[in-house]
């Protein structure tokens, strides 16, 4: 056991932890005043519920000893049985197993929280809660096992996903799209733009996300070493390049750059570099960042209005598209010179790796879409997924949570 | 000239603005208010303490217009704001003695538009 | 007695207050409103979605005064608020039937100041 | 019909609402305003720069009522809002020419309540 | 000296540091608009004043060489004399003594800040300042010495308080109750509910508190090892369980769960696990979290209205009750299997430990109540503790600090 | 390589990172409602642009192999060529070179962001962007090379600047003064005070700054050891002493202490201790903190109104004056007993060091003033630096960025 590595992953866990509140503010600021608390609440309750799901059985499903064929972990580690203060060399030999488990918990928590942006301002809280637990169990946990679990079948195939481009972002992004399509548009969506009620909150959220993402990506090295340093650098520069690119696109399109757009670009850059950060060098990371903003901008500002679905806070456009590009980019730019435990990508002569990356996103995409569709239908049929029009008009804060965010008479 | 004050549901503002535009009423002043009316408020709960929320968010429109515009304006507001449910709001009409356009110093009916 | 409502540019409030003070009008009620007028709003962009911002921030003054104070008040507001550009605002004058000072119960012209 | 505007101390709102309820006045529109009156503002300091805060937070009530309700309404506001100290506020009464209930289209005295 | 442990405790110190601003927002959001700055200011000035008090003499009183009978530390370490970059093996042999001192300073800072919630919206700033310095000196410093100081008499008896359930939370919670009773209710308290003016600020505060609490609890292991990992896990799951439980209680009582309640539950869970986190296993931590929300909810929503005292932001109901339950729970669930340096609790056959824990809270409770009562009376008699009615009506921001939080005309 | 040191500097990098968003809120809260986003945007875009400038060539200019005479680094490390996961013993032998580079990047990012406060509410965004890249390249990078780069001429002379009192604060503070003078006053500046539109945001920003500053100062030891512990302690106590002092001055002057003032004092204390934190002992740090608030208060509340320039958010008054005092104080209070690699100051009998410190600030001051003046003139002549009066009146959020911070009708 190494106290330096342990210190680093402990603090990375705290950094990833703060991303979910960061996300809550990122989303909450973009919502209308009458729905901001519903978004904060959805993120907060996910932190509670999925945290418990994880220690009770989720971690075992995802990382527990394989139950056969690399499909799912067994329940041997239920209730953290056999997980303790000693390291588990299968995953990380220099830090307590507990620390690895907690670090992974934070990923399991934030992933469903990302989806929240897609069904914002119109979902029933009780149905949301049931859905999200099912999604974590039947979508996230298996996917994490396939890609990251010892014996997981995609891992065995050599799929590369350093910190969760597929497992976290692409899976939540595509699920978000399904949710947005099935739930339908918000009342009034076709008539006028919904303005963000508090852009500074969104900027605060973006700042906390960026801050925490250093833990997310550099922590995925599971040690405080040169590899985590590489991930740290690539994470920063990809985000910076993407933020600047988004600002420039807006400037060119509308004659001015918004801070909302810049923050969105930063997040897109962080998403795209996530699967790649421990495999690519900083200069390629800049390129990945530039491209992701172009793709995501097109998805959000051109394709979404064209297709007319209401992905309220653009989860698909940013996390789905960004995660997809990052996964492919990993297959293009990965270098064994950066990470000997990784692989070379297409540009370094390895076509195979690129094909594996394509397989990875196809499998993950199909799985997430189908599974989310089924879960939606089940919950919708039994509990009803959407609030009635009147509740939506009044706002979820009052109708779902009996509280309002700000006082007006004071 | 008339000074018309209308209290409407917040989410109806865009519809009312569109309806007003159709009858060529383009100038107005808008603000947020809280209304206590027949519509029931929603009870809020803070750490177990209930508070019967008597006041609901409403939008207030103020429109100064010449007499002949009064009826079209009222009709347009009704058209845009009506849902048929309690809480739709009210329109209040008062007599307006004078208007001054600050920029030009014009007064009366000419200054109103 | 008159009830004067003035809609002015926000950054002119201090000038208007000073001008009013010079003519001994010290009592007023102020609030923030949004105005739709001839002045063009600025288009806002949120993640590529454009929104023609028709509403502009304005400040609303409400001043109750005795009849003889009406003209000086109007003049002072114009003096303080005028820039000569579209959007300077309007002054509306209504008849005020009665005033009551809550503290003393006084009514009418004596209660106004 | 009358249109009554009252400016009161913010912390007196609940008392005024209770007093109004006792005389069966349940409908009103409420907003936050800033008042400049005889009551002295509090000087604020920002990094050593003093700013004489002339404006104080007040609550504005707007109540439309039939003529016979005017006096009870005024009395109730006074009862609820009075502390005897400067700053208690004012009540302004204007003539109301017409009222329309948006939901039903009713007009006049019947629409007011 | 170990650089990994040092890195960990340095960063834990920063984490505990950010809790006090977090608390400021947690409280500030719940206050009325006219008082939010007074709460931020009280927390900020505590960070300044108690930080200075600590290096000048507080640390010496609490952790300095015992002055005799385990009652108080001597003044030998005044002005940090003899405290430096070398480790002090009495407290932590692998990190610089300075680091241990700073880590403890953050505890000394946040404890009086917790009390602020009880006298919110009506205390005179000057009197508050005098009171809080006296309280830190005459309540916190001795108590910390008794429980944590080398030679402290409760430590000698074997009392267990891993990260401050008694020293921090129960002591501030009971003192808060005394303050609330002596100061009396806020004007208008009986007539209507005071709504939180900005719930998102409260949620932000709760998020920062949770984030910092990992440093608070896992840092109390004073090393980056398996024990700190255990504390990290138990801290998370207790908070999650408590947050969820509070939400469910509200749902059952009012037909909807609030984010204010969930955040309150999370804080209650964090309080309860504080004394226990390094002694109990994760499954028992979940249980501790569930129970604390039940107790605290009853205290806040049932008992407080019944007794009619105005503990404005529920310091007693959350920190007092939660700290008490956590201390007893430590006596129930502690396991030497989790921490060999600890002890077994009642459920592992050790009645003695449970009795020691009972003694601990009785002593701390009586001491805090009596001392706070005396300090209050002294300050009230000389300076007056409460602002006049007019200042209270206008708000403390303007009347005590000449500033207001938000502009209205813009 | 040492994993504990690496963990510590990685996290310190994240801590310094969060200071720039913190600064954005510190400034944004003080601005008027119509300009808050412009400040957030300026800080965010600096994070993007200067981050890229740094990896592309800035780092090489500042820290790359000396190009001759200690004037500037060569371009050998352009695009991070030769910079990687292995340590560079010239700067830090126990951590990856990447980590040192990233840690320094955060300094390069926040320094121009500090200047933003001086030209707030009236600068053209496009010109700002060009100016800031030029400033980073022609002011910051050379200055960093002189004082911190291997072979830098001021470093060779023995100038002491532990974490950037001159390089970061004094340089940005004096440049800010030049900008404020050249740009002229905001419309309406002479007529009335501009009130901060959201003081809680400013307090939040101050809290994040203080939090991040532990990384800034204690991280500058580039190891997790006794020296970083000393820097941590001095950082805290100087800030605490300065915050309290500012509050007391206000109390004496206006009969009440504001939280805005206290937060300002805290920042001033942090600035002043920055060059000194790794050379002086905690008691002298308290003294440095007390004095800086007196100096800065006079600069902000007395001299600025007297001279009548509009340094909107007091960058010169706080960072310029504070950085200057800190640099001199280092020459007074430095002790080799605290840091053997440092030097003794005047009070420990070493007049030479004090003179070197004086030279340091004179050189840096003259250089920053002249260079900023030239860059301003170039950008102003080609693009125009200031927005027109109408845009300024409407506000920069709408006119420069097409967005507004808060919705009003909801």
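Letters A, B, C, D, E and F name the chains as they come in the text, with residue numbers starting at 1 for each one.
Criterion: a residue touches a chain if its C-beta (ideal position, glycine included) is under 8 Å from a C-beta of that chain, and two chains touch if they have at least 3 such contacts.
If you're wondering where the values come from, they're calculated on a predicted model, not measured in any experiment.
Undergrad: Spelling it out: a chain qualifies if it touches chain C and also touches chain D; which chains qualify?
TA: For chain C paired with chain D, the chains in contact with each are A, B, E, F, in label order.
Undergrad: For chain A and chain C, which third chains touch each of them?
TA: Chains that touch both chain A and chain C, as defined above, are B, D, E, F.
Undergrad: Chain F and chain A are one sequence twice: same or different residues at the contact, by the over-half rule?
TA: different
Undergrad: Write down the chain pair with more C-beta contact pairs when A-B is set against A-D.
TA: It is A-B, judged by the count of C-beta pairs in contact.
Undergrad: Could you work out how far the Cα centre of chain A sits from that of chain E, in whole Å?
TA: 34
Undergrad: So how far apart, in whole Å, are chain B and chain F when each is placed at the average of its C-alpha atoms?
TA: About 50 Å separates the centre of chain B from that of chain F.
Undergrad: As a quick test, compute the distance in whole Å between the mean CA positions of chain B and chain D.
TA: From the centre of chain B to the centre of chain D is 18 Å.
Undergrad: Touching at least two other chains at once: which residues of chain A meet that condition?
TA: In chain A, residues 2-5, 7-8, 11, 34, 192, 195-196, 198, 204, 254, 256, 258, 260, 402-404, 408-410 touch at least two other chains, as defined above.
Undergrad: Pull out every residue in chain D that's touching 2 or more other chains.
TA: 30-32, 34, 43-46, 55, 57, 94-95
Undergrad: Touch graph across the chains, line, ring, star, complete or other?
TA: Topology of touching chains reads as complete, every chain touching all others.
Undergrad: For chain C, which residues count as touching chain D in their complex?
TA: It is residues 3, 17, 26-31, 62, 64, 94-103, 105, 111-112 of chain C that touch chain D.
Undergrad: Help me check something: in the complex, which residues belonging to chain F touch chain A?
TA: That would be residues 1-8, 10-11, 13-14, 17-18, 21, 24-25, 28, 36-37, 40-41, 44-45, 47-49, 51-52, 55, 79-80, 84-86, 95-96, 98-99, 101-102, 105, 125, 198, 201, 204, 400-407, 410 of chain F.
Undergrad: Quick check on the complex: what are the chain B residues that touch chain E?
TA: Result: residues 43-51 of chain B touch chain E.
Undergrad: Write out the stretch or stretches of chain A touching chain D in their complex.
TA: Counting only chain A, the residues touching chain D are 408-410.
Undergrad: Would you tell me which residues of chain F are touching chain D in their complex?
TA: Touching chain D: residues 192-193, 195-196, 250, 253-254, 256, 258, 260-261, 264, 297, 300-302, 305, 314 of chain F.
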